[in-house]
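Listed after this line are the structures, all set down as structure tokens.
Each of the next two complexes has subunit A plus one more chain, namely subunit B in the first and subunit C in the second.
After this line comes the complex of A and B, so read on.
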């Protein structure tokens, strides 16, 4: 509001803007915003929409060079994917591993973040650093030693190996997010709860968590994202077909399909992406706000 | 630590935060369970990787200490040298394109007058698409016959190249796919930065006769420097460690044109089963990434704090 008013004053200082000037200014603004906005929409949506369209096409139609839209859209490819040997197992694996890799890190991170946000204790900086440094270690770089370790431990091709590695990589992220949110909870509220006789668990449960709930939701969504999309670990630590998660199964699809049915390939892609996109769209507001406010980094 | 989250309320000073310091062991008990996982797995992996890089693994997975031999082998390996240069070009191209796009998108989302929430929410969608899925999607967008890009080029009557068959073009597509995946997050970080800039400053600049370009470089960029740092860390982290996108998009080809360090590492360790040399490449990845992150943190975040952003 203030900006609008002052902008008008500024233009009033010179000469009164003619109608033509005003039109040109508006038009310029539409172009300046409109073109990048159109680019943003096309750039973001084309790969997703293209996969969606291809999944509805006839397998031969995909090779044709003049068909943007499916001539005769059908869900045939989706039925093939859903009836695929192993798809149910891969979906189950993905869901199971993602759930564990969300719930456990959240619990661990809530505890740790509470300590870092609210307690003063010796070595807290060193300990926090140990939590945060892993955030700048590329996960793919760890697959060689992890494969070596897990082979020695005999954990290759077990759920445990996925739980352990997924949890370890989600904890630093969730802790980082939650420390910021917990710190933002006013100390006075917690103090008055202490005076009312609330112990640490009750303060955490009834004071901190409800106030910092957007942070918990954000951390949860990002843990789900990590778990659902994780690829390097599952590639390095799992070899059995039945132990694959959806991204790994999607990657292996190229080799395992005799016939090059690209509609099925695209349908599989859409089905691996869809569940996570639904989770995101349900909680979109919280997630976007948390990132824009700088609470996630 | 978090720059803007704390700036809303007055940040609690260290002394103020002594809530109930009576219980000495409590914070440690809270911190340790998570740390067991982080150090146990990630810490072990890093240490184990360094250890592996000094050993040779034979067919029976027996390891013998060989000192720096693996390092010498790797650094003299032309294929490694090529992959390292390729990675550097890949990272520079991705950073240049990625940050430009993120800034442009952030400015667009900042100024857009309608459907703000819709466009923001949509802009983050690729962040939730797995690297493998993104790569598969890009493959079909750039397929020679029937791909989206070539269909558009065909409509315009232009030449339709074989995008993924040509070494240079495939490299470009890999950069584009990588940007598609990493730009959304950087965009929202930068958008957050833009929103913290006081609008009055822009008005003052306009009165002083500054044009939009001057305003952008003299006011906007310095004001959002910490967020630029954060997005730079994110963008170069993703680009350096890019793996799943390239593996599923080109698998390093054609003619190794997209074989970056992480790809070659996978090749060495998992297909040639040379864990020692694979671990050397891990050390290289780790070192580059850590050094770069520390440089960014120093220049963009810490340096800015010291110069008066905080009292």
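After this line comes the complex of A and C, so read on.
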């Protein structure tokens, strides 16, 4: 009782507790933070779990939809997807384009971000803002002019058209992420390396990149995600079946290929999402660390 | 005139349109331990960074070992620098930190290992070689930073406020270690600090800077005992020198023909040799430890306003005709605030400055 009384006295003397404090006190962090988080997790996971379970069902069972869990789980749909003509090529296309759309933007962005972060050149703020233009303009509005341009250049239905557009889209994102991380590397550390005899390349290689490594990993993960999931450009700039990537092939599965087997759609979806999930799970800790450390700094 | 090992000639630095160094001329002898001291923003760190090659030069020359280095890259000036923040490479072990500069110079691995071993031995870092900087204490990090400078066997050591991030006890220890290291290696050292105790205790030569200019250069005690101007007089010394505006007046005393009137009717003695004429406006300076407490009827009467016993000395404030006089006594003082006591001032300990120019008279 004494403790309660003194607490009341303290709160009476100090600031009146805010509504949030009061709610936190009454319902506790677990309920206030835990429930929304649980909701978010469910919201995110349900479609994936739903697709996974549906992919294991019989096609007719999906239409009946009387049970959530498959009555007789089977990998039939996966074998159908993996046996499709072109699936291997689409997977290869996705991997190839994503790799190029990750490695090239990372190299370009590391160099650009280093310059933006460490060199005082005229109009650097304006230039950095201009970097955002490709991402500010809605992608859909770029499709027609890009299609015209690439047709004129004779690049439609080539890997080059995907490389160019994917890289152009990823560079601003990666640069902006890396500028923040490079700026956070203390000036003295780089000056110390300068005195130690490290030229610009060696400073970047031995000092800046290892210190800003979480930022590089974050930028890489986001580039991988963008490249893997990219849909608008591939839809507009590729027409040949053999040039499709997995998201595009998934989209075309029903409309062009006339597949009515929802278990196959879902198996295709799971197989499309799976590589990205694996990358996320492998690098998740690094990404979270970097986002948190960035927030604190 | 003999050349200095490190020499600044008419050195100027502007940041944009703002001048921060107004023409520095200074010669530093080989093997000297020179401390640049001054308040924040006086340009001491800028001067050090220019010496290191981390800041450009607006005008003038920097010479190191007889060579003008204005256009020589930082890595080729034969200098090594210890930063205030240590600037250790956080992802490298102590071993890698120590060897990095040699690795960049493509030194053979055996020589790198020898150099690391030597530096680690001198700085007692041998048990810590595999650790990362984050696993070290502040003092250990400081030693690694020094070790990194040491392995390069530089012609000049540059220290930029290296002890500022340490606690008081460790600072005293590291101060002694740096001084001992200098005595052992006898490498020319330029050390920047705003801490006058560091300046006084470590330097062979103190350079007092203010507002982008050198105010005075000299041995620590020489500067303490004979400050050339008001800024130096006020800056060096803790507690600070008592500085009182006054006017030189003629007196009737044959042994003290002149004195300074600091308040109506309050005459304080001045040194016999001071070049001050009656009627001249001056600033009268006396260090707190040079004011002697006596009985009220013996000396100039004052009223105690503050008594701060520190154990080994006593800091006192006394009211002298409306002026606050700081007094430092190494004796234990029984006086209490409000007590009337007397003070005596040895005229030979008095510093007299022209009030207009601030120069010593």
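Everything that follows uses one rule, which is that the second predicted complex is superposed on the first by the 244 of 297 C-alpha atoms of A that agree within 3 Å, B and C clash if a C-alpha of one lies under 4 Å from a C-alpha of the other, contacts with A are read in each partner's own complex, and residues count from 1 in each chain.
Criterion: a residue touches a chain if its C-beta (ideal position, glycine included) is under 8 Å from a C-beta of that chain, and two chains touch if they have at least 3 such contacts.
A quick note: this is a predicted structure, and the numbers were derived from the prediction, not measured.
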Three-chain arrangement built on subunit A, subunit B and subunit C clash or fit: fit
Contacts of A:210 with subunit B and subunit C, given as first, second, both or neither: second
Which of subunit B and subunit C A:193 touches, first, second, both or neither: second
Between subunit B and subunit C, more extensive residue contact with subunit A: B
First, second, both or neither for A:63, with subunit B first and subunit C second: first
Subunit B versus subunit C as contact partner of A:125, first or second or both or neither: neither
First, second, both or neither for A:168, with subunit B first and subunit C second: first
Which superposed partner A:262 touches (first subunit B, second subunit C, both, neither): first
Subunit C, subunit A and subunit B - angle at the middle CA centre, rounded to the nearest 10 degrees: 90
Distance of closest approach, subunit C and subunit B, by C-alpha atoms in Å: 7
Shared contact residues on subunit A - subunit B and subunit C: 186, 191, 194
Subunit B - residues contacting subunit A, complex: 1-6, 8-9, 12, 14, 16-21, 24, 26-28, 30-31, 33-35, 37-46, 48-49, 51-52, 57, 61, 101, 104-105, 107-109, 111-113, 117, 119-134, 136-138, 140-141, 145-146, 148, 150-151, 154, 160, 180, 184-185, 188-189, 191-193, 195, 199-200, 202-203, 206-207, 227, 230, 233-234, 237, 240-241, 243-244, 247-248, 262, 265-266, 269-270, 275, 278-279, 282, 285-286, 289-290, 293
Residue ranges of subunit A touching subunit B (in the complex, touch as defined): 2-3, 6-7, 10, 32-33, 36-37, 40-41, 43-48, 50-51, 54, 62-68, 105, 108-109, 111-112, 114-116, 118-121, 124, 127, 130-131, 134, 136-149, 151, 164-165, 167-169, 171-172, 175, 179-181, 183-184, 186-187, 190-191, 194, 200, 225, 228-229, 231-232, 236, 247-248, 250-251, 262, 265-266, 269, 272-273, 276-277, 280-281, 284-285, 287-288, 291-295, 297
Residues on subunit C engaged by subunit A in the complex (per definition of touch): 52-54, 74-75, 79-81, 83-85, 87-91, 100-101, 104-105, 148, 152
Residue ranges of subunit A touching subunit C (in the complex, touch as defined): 186, 188-189, 191-198, 202, 206-207, 210-211, 213
